[in-house]
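Common to both upcoming complexes is chain A, partnered first by chain B, then by chain C.
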Partner chain A sequence: MTGGLQRVASTVLLVVVSFLLTALILWVSGYRVGTVLSGIIQGSITATGAATSTIRWTIPLLLIGLGVVIGFRAGFFNIGGQGQFYVGACSALVVSLGWREGPVPLVIMCGMIAAILAGMAWSLLPGYLRVQFGTDEVLTTLMMSFIGALVLQYLTAGPLRNPSGTGQTAASERIPEAFRITDSSGVSVTALLLVGGVAVLVWLLLERTRFGLTMTLVGRNPTMARWQGIDVRRVGLGTFALSGALSGLAGAVELYGPGARLVTGFSPEVGFTAVVVALVGMLSVWGTVVAAVFFGGLQSAILFLPIVTDLPPPALVLLHGMVAFLVTIKFRAVRRRRTGPAAKPVAG
Partner chain B sequence: MEQVLATTLRSAAPLVLVAMAGVFAFRAGIFHLGLEGLMITGAFTTVAVGDATGSVELGILAAIGVCMALSAVYWWVIGPLGANVIIAGLGLTSIGLGGTAFALGAIFDIRGSMFTDVVLPRPVRGATSGPGVIISEHSILVWITPLIVLVAWIVLRRSRFGLRLAAVGEYPFAARSAGVNPSIVRLQALLISGALCALGGAELSVGALRNFTENMTNGRGFIAFVAVIFGAWHPIGAALAGLFFGLADAIGIQSQINITERVPREFVLMIPFVLTIFAVWLGGLWRRRTLEAEAGYAELREPDY
Partner chain C sequence: MTVPSGPASAEVPAVRCRSLGVSFGTVQALHDISLDLAAGRIHALVGQNGAGKTTLAKVLGGLQAPDNGTVCIAGNQIPPGDVRAAKSAGLAMVHQHFSLPPSFTVAEALELAAARPESHSVYRRTELYRRWQNEVAEVGGTNVLATRIRDLPVETRQSLEIVRALASEARILLLDEPTALLTPAATDTLFERLRGLRDDGVTILIVLHKLREVAAVADTVSVLRDGKLVLGPSEISGVSQGQLSDAIVGPAPDADRAIAVEAAANAEQQLLLELVRVSSRESAFEPGLASIDLTVEAREIVGIAGVEGNGQRSLVSVIAGLSAVTEGSVLLGGEEVTRAPPARRRLRGLRLVPFDRNSEGISRSAPLWLNQSALRLIGRRRQFPLISLRQYKRQASEAMDLWRVRYDTVAQPAESLSGGNVQRLVLSRELASGLEVLVAAQPTRGLDFSATNFVRRSLRGLRDAGAGVLLVSSDLDELFELSDRLFVMYGGSIVARFNAPYDRQAVGDAMTGALR
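Let's look at the complex of A and B:
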C-alpha cells in the first residue's frame, strides 16, 4: 500500500488533535485533565476488572466495525450498523426464548444464525436498492437503523416484555443461563475465540480470496471492474450481506454474552462508534482491531470515571463526535464512486 | 380531532424549520447529517443564555450565533480540509448531542433535564374547545414558520443567491465558469442552515416546552433531513413533508392516550422512515434529477481546490 505510513501518521495525528480539543473543552469547563486521564487509564487497564471491561466493549465495536470495513472496501457506506445489531439481538432472543428446552449448543447456533440472517436482511434491502436502482445507501441504511431501533423498542415493550420487570426502561425476559457464552463480565474464551476467528476470516476474505479482490476492484473503480467482467451487482449484494451479517452477529454475541436480556435502546452509541472505529483503523482489518480495543477502553473508562471525577459521561459522546468530525480530513479514497456523468467536466 | 391538529402543528414546526435548513444545505449539494447536532445546540443555547439573561430574545440570538459558528467550522472541515461530508456531519451530530449533555452537567451541574422560566410569547391562547384549540397556545415561532417557508421559497426561486445556490448544487462546473465561487456559496448556505436549525431547536425547548432535556431532539434532525428528501428538496414540499411527519407524531401520541384501539406506537413512528426509503428509491428512479443534485455533492468529494 503506497503512502501507508503517511496515512497512519495523519490518522494518528487527527485522533490526537481530537483528543486535545476535547481536553481543552474539559479544561475550560474546569475539570482537571490530569485526573481524567489517570481515570481513563485506570478505568480501561489498571483498575480491577477494567481490562475485562475493555475487552467486553471491544467485541461489539470490532464486529460491527469489521462490517463497516467490508462495506467500504467495495465502496459502500453502511452506517446502519446499529439497526442491524439490534435486529440481530432480537432474532437471537426470539429463538432462545422460543426454544428454551432445546439442546444448548444447537440453540446458540440457531440463535446466531438467526441473528446473522436478520442483520443480512436489514442490510440487503438497502443493498438491493443500491445495486438495482442506484438508491443512496447512506440514507437507506440510516433509515433501516431507526426502524431497527423501533423494532427493538416494540419487542421489549410489547410481546417479549418481562411482565415482572420493574424500572423505567422496558426490558425483555432473560434467556436461560445455560445459553450464555460468557458471564456478566462479557468475556470468556469462547467469546474471544469466536471474535478472533471472525477477524481472521474477514482478513482472509479481504486479502487472500478472489472475492475480496473483486470487492476491492469494485470499490476502487466500478466502471473498470465492470469492463473486466466482474458482476458488480453480485459483488455489491455480497458485500452488503456480509457487512450486515457481522453487525447481526454482534447482536447475538451481546445477548449470549453480557446482556442475557435486551433493554430498550441498549448500547445506543455502538453503531456509530463502530464507524469511527473503522475509519480510525484506516479501513484495514488489523487497524480496526487496534482501534476497537482503543475505543473499547474509552467506553470502559467512562463507566469507571464517576469514581474519580465528576465528569459527566456524555463527554465520551463529545469525544467520539470530535474524532468523527476530524478523522476523515483529506481522507478521500472512500466514496469515489458516485461521480455521475454531470460531474465529469469538473474532474476534467 | 382539534387536539390532534394542534399537536400536529406543534410537532411539525421544529421539523419544518430544520427541514428548511436542510433544503438550503441540500441545494448547495451538501448531505447535511449534522442538522440534529445543530438543532440540539440551538435548543440548549437558547435555554442556557435565555435563563442566564432572563431574555428569550437574547437566548435565541445566542443560539443563532453558536449554530452559525458551528456551521462555519463544519464548512471549513468539509470544504477546504476535505473531510467526508457524511462522517463529519454525523460527528457534528455527536458533538451537539454529547456537548450539550456535557455542558448541562459541567455548567449547571444538572443531569437529564433543566427547567427554565423563559418562554417564547404565545400570541393566541386560552381556547379550550372548538376550532380555536387548533391555533391556540402556539409559540410565536410556530406562527412565523409559514412565513419562513415562504421566504425560503422566494429566496431559492427568485433571488440571485438562490440561482447561485442552484448552480453550485446542480452544476458547480457551470457556476465556476460564471465566476461564482462554489466554496463561498456553500458557506453562505450552511450559515443560513445553521440559523434555521437554531430556530428549530429554540422552538423545541422554549416554544413547545419550557425546558432543555438531554437528547431532547430525539432524531428530529434526521426526520427533518428525511422531510427534505421526501419533499424533493423544495421548500414547500419539505414543509408539507414536515407537516405530514408532525401528523404521524400527533397520531402516535393520540394512539398512546386512547389505549383501547392500540396500534403499537412504534409502528406509527416507523412510518416516516419507511416512507423515506420509498421516497429515496423513487427519487433514484427519476434518475436525471438525482444526478443533478448529486453532482455538487460529488464535487465535494473530489480534490479540486
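Let's look at the complex of A and C:
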C-alpha cells in the first residue's frame, strides 16, 4: 500500500510543481499571481455557478478519460477522443432532428446508442489497423480525430445548418427542448447518475471481469498472453471499441445536456485534456474521477478568469500544457523503470 | 595497509576480495565474502539460482557497488562500483546475455570494445578488417568480420563476447553462465578455448550450473549458498561431486517432495497428440517444418533432440496454434485442431512450457496471482460475469504453495522471482488439472541443480499419472534420462528416431546432419 501512496503523492507533487512553474511564468510576464490564483479558485469553486460549471466540464472529461484508461489497460494509446466525441455528438444530433416527434426516452436512448456506435466505429478503424498491421495507433487515432472535426464542420455548415442562425460560426438547429437531460448549466441528477453509473461499470469491467484481467495481461505482455491462448487481436478490437464508445457517449451527453445544438469546433480541447486526465489519474478509474474534477475546475476557471483579470484565456492553457508535459515525463520514467535494467531481479 | 601496485607477481592473487556485503532491500544477496583467486587458473563458481553468483561477478567487475568490503584486482584496490577502474586493472566481463550491438558488423563491434582504438577519427573498412583478422581467426575466419552481430549463430556470438573481452586486453575474464545457451559441442569448444587462454596466463572466473561442466573445465571450485561462501576456492581434484552438491543444496535440503500431478487422462484415449505430414512456413530464425509425422501417447515422454534453430520452435508453435500449418493436420486427443485457435487447444488439454519463460511464460510486471490465473481467463462466452478476485488469489497462492514457489505476497510482480521460482510458477499453472498433453520446451534451461531435478521429477510424475509429454531440449543427458522415444530434428524435418538405450554417437551424428 505504501507504494500506492507514494504514487499518489508524486502525482500530487507534479501538479503542484506545474502550478509553481506556471505562476513563475505569469509573474515574469508581469501578471499578479495572487489575483490569478484567487481567480482560479473563484472560477472553479466559490463564484456563483462556478461549482456547477466545474461539474459540467467534469462530465465529458471523465467519460473520455475513462475511455483512455480502458485503452491503456490493454496497452493501446487512444488519443483520438476528440474526434470520437464529435462524431458521437453528430450521430445523436442526426437521430434527434430526424425523429423529432418520437417518444422522448426512446429518442434519447436511440441517440445515445447511435453516438456510442459512431464513437466505436471511429476508434475501431485505427484499432483494426493496429491489430492487423501494427500501425501505430497514436498517429491513426489522432488523424481520425481531425476527420471527426471536419465531419462536424460539414454537418453544422451544410445539411444541418440552422438557416436562421446569426452567430459568426456555423451552428446546427437546436434539438427539441424535451430531449434535453439538463438545462444549459449542464448539470442534472440524470446526467450525474449516468456518468457515475458508467464509472462504476468501467471499474467493474476492468477489475472484476475475466475480460478486464485479460486486457491487463495483453497490455503487459502480449507474447505471454498469446502463449496462454488469449486471442490478442480480439481483445485489442474489443478494447478499441469500448474506448471509442465512451467518447461517443460523451458527445451525446454534451448534446442532450448543455449543448442542445452543435457549433463548429465546440469544446475544442476536451478530448485531448481527457488524455492528461487519465494520466494524472494514474490510469485507474477512481484516480481518473478525481483528476476529471480537478481539470473540470480548471476548465471552468479558464472561462471565468478574463472577468477578473486581464489574463487572456490561453494563458491558463499553459498550466494544462505544463501538467501534460510533466505527467508524460513521469509516465515514461515509470515505464523505463519497469522494463529497464534497474528492474532486473536479484539473480545469483 | 599498503596497496601494492605494478605488475602482478606470482604471489599476488588476480582477484582478492574481503568481507563483501551486498543487500537489495531486505534481501542479503552477499554476506561477508572473502575470496582469493590465484592468477593463471580457471576458477569455477557454482550455486543455486539466487545464491548470489551474478551479484558477486558484478561486484568484482565494478558493475555493482558493495555495501561494504573491498575488491583488489591484480593487487590494485578498486573503488566500489567503478567499472572503468576494474577494466583498466585488466578485468573484463562476459555477460550472461549478449552485449555486442546487434546492428554492428563484427569488426565494428570489436573496434568499439578495443582498449586502444585507432587514432583516426575516420575509419576505413579495410583497415578495420586487417586490424581484427587475427582475433577472429578462431571463431570463423576473416569473412565473419563483415557479418552483422544479429546474423551470427548463438555460439559464434558467445565466442565473440570472449574475443571482445580480450580485445580490451584483459588478463582476468569473468564469465557469467556462458554455457546456458550453448549446445554440448559448442560448450566443449568454449572450454577448449578457455584452457588455451589459461595456458597463456589469463585468469578465468566462470559461473556454471552443471557439475559435469565444472569437472570438465575448472582448476578450482567455490560454492555460494544464500549469499555466503560455503566452500572453496578448493582444488577440483580434492572435492567429490557429492561434496559439491551437498554444499550447493545445503545441510537441510528443503525436501522437494515429488508433486502428485493430476492428469485428466481419459482411459479410452491413447493417442493424445498426432501430427500428420505437417509443414509450415519458415520464420525469421528457423526453417519451417517439412512433412513432420509425430505421435505422443498416454504415459510416455517423447524427446525432441536437435541443434537449436532446426525447427523446434516452429514445431512447438504449430502445436500451440501460434503459427499456421501449410499442409497436413494436427490432432489433439483424436480431435482435429489444425485450424483451431490456441484457446480451443488449451481447453482440449494442451499445456505448454514455453522456450523463454521470462518473455513467453510470464508477464514480468503483472502480479503473481494474475500470472498464475492466466489459464482461467480463456474461452468465449464467459468474459463478462463478475468474478471474485479473492478466490482467484486464494487459488493462485494454494497452487504456488503446492509447487513451492518462494514469494512474499501474491501481489508482487513476477519479475521479483528468481529463475527457478519463475519456472515453478509456470509449472504450477500449466500442470494443474485438465492437462492431457504437455509440450515442454527447454524446461530446465538456466536452472540450477535442484530446480532441474525438480522439473525432471515433475515430468516423470506427469507421465506416470497418465499424461503425454513432448520434451524439446538441447540437453542430451536430459533427453536420454527422460525420453521413452527420441526424435532428432534437422533442418525442419525429423531425420532420425531412436528407442532407449540411446547411442550418444548416433544421436549426435543425426543432430549435425551427418545422417543425410
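Basically, the second predicted complex is superposed on the first by the 328 of 348 C-alpha atoms of A that agree within 3 Å, B and C clash if a C-alpha of one lies under 4 Å from a C-alpha of the other, contacts with A are read in each partner's own complex, and residues count from 1 in each chain.
Heads up, the rule we're going with is that a contact is a pair of C-beta atoms (placed from the backbone, for glycine too) under 8 Å apart; a residue touches a chain by one contact, two chains touch by 3 or more.
Note that the coordinates shown come from a computational prediction; the quantities given were computed from them, not determined experimentally.
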In the superposed arrangement, does A:T309 touch chain B (first), chain C (second), both or neither? neither
Contacts for A:F77 in the overlay, against chain B (first) and chain C (second): which applies, first, second, both or neither? first
Report for A:S10: first if it touches chain B alone, second if chain C alone, otherwise both or neither. neither
Once the structures are superposed on A, label A:T35 by its partner contacts, choosing first (chain B), second (chain C), both or neither. neither
Examine A:L217 and indicate which partner it touches, taking first as chain B and second as chain C; both and neither are also allowed. second
Touching A:T52 in the superposition: chain B (first), chain C (second), both, neither? neither
Touching A:T190, do we find chain B (first), chain C (second), both, or neither? neither
Of chain C and chain B, partner touching more chain A residues: B
Indicate the residue numbers of chain A shared between its chain B interface and its chain C interface, in ascending order. 338-339, 343, 345-347
So, in the complex, the side of chain A touching chain B is made of residues 25, 29-31, 77, 79, 125-126, 129, 133-136, 138-140, 142-144, 146-147, 150-151, 153-154, 157-158, 272, 275-276, 279, 310, 312, 314-332, 334-336, 338-343, 345-347
Of chain B, residues touching chain A in the complex: 31, 33, 37, 77, 81-84, 86-88, 90-107, 111, 170-173, 214, 219, 222, 226, 229, 264, 266-267, 269-270, 273-274, 276-277, 280-281, 283-285, 287, 290-292, 294-295, 297-299, 301-304
Within their complex, chain C touches chain A through residues 24, 27, 29, 47-55, 224, 227, 320-322, 341-343, 345-347, 352, 354, 359-366, 370, 373-378, 382-387, 389, 415-419
Going by the contact rule set out above, which residues of chain A touch chain C in the complex? 204-205, 207-211, 213-214, 216-217, 220-221, 223-231, 338-339, 343-348
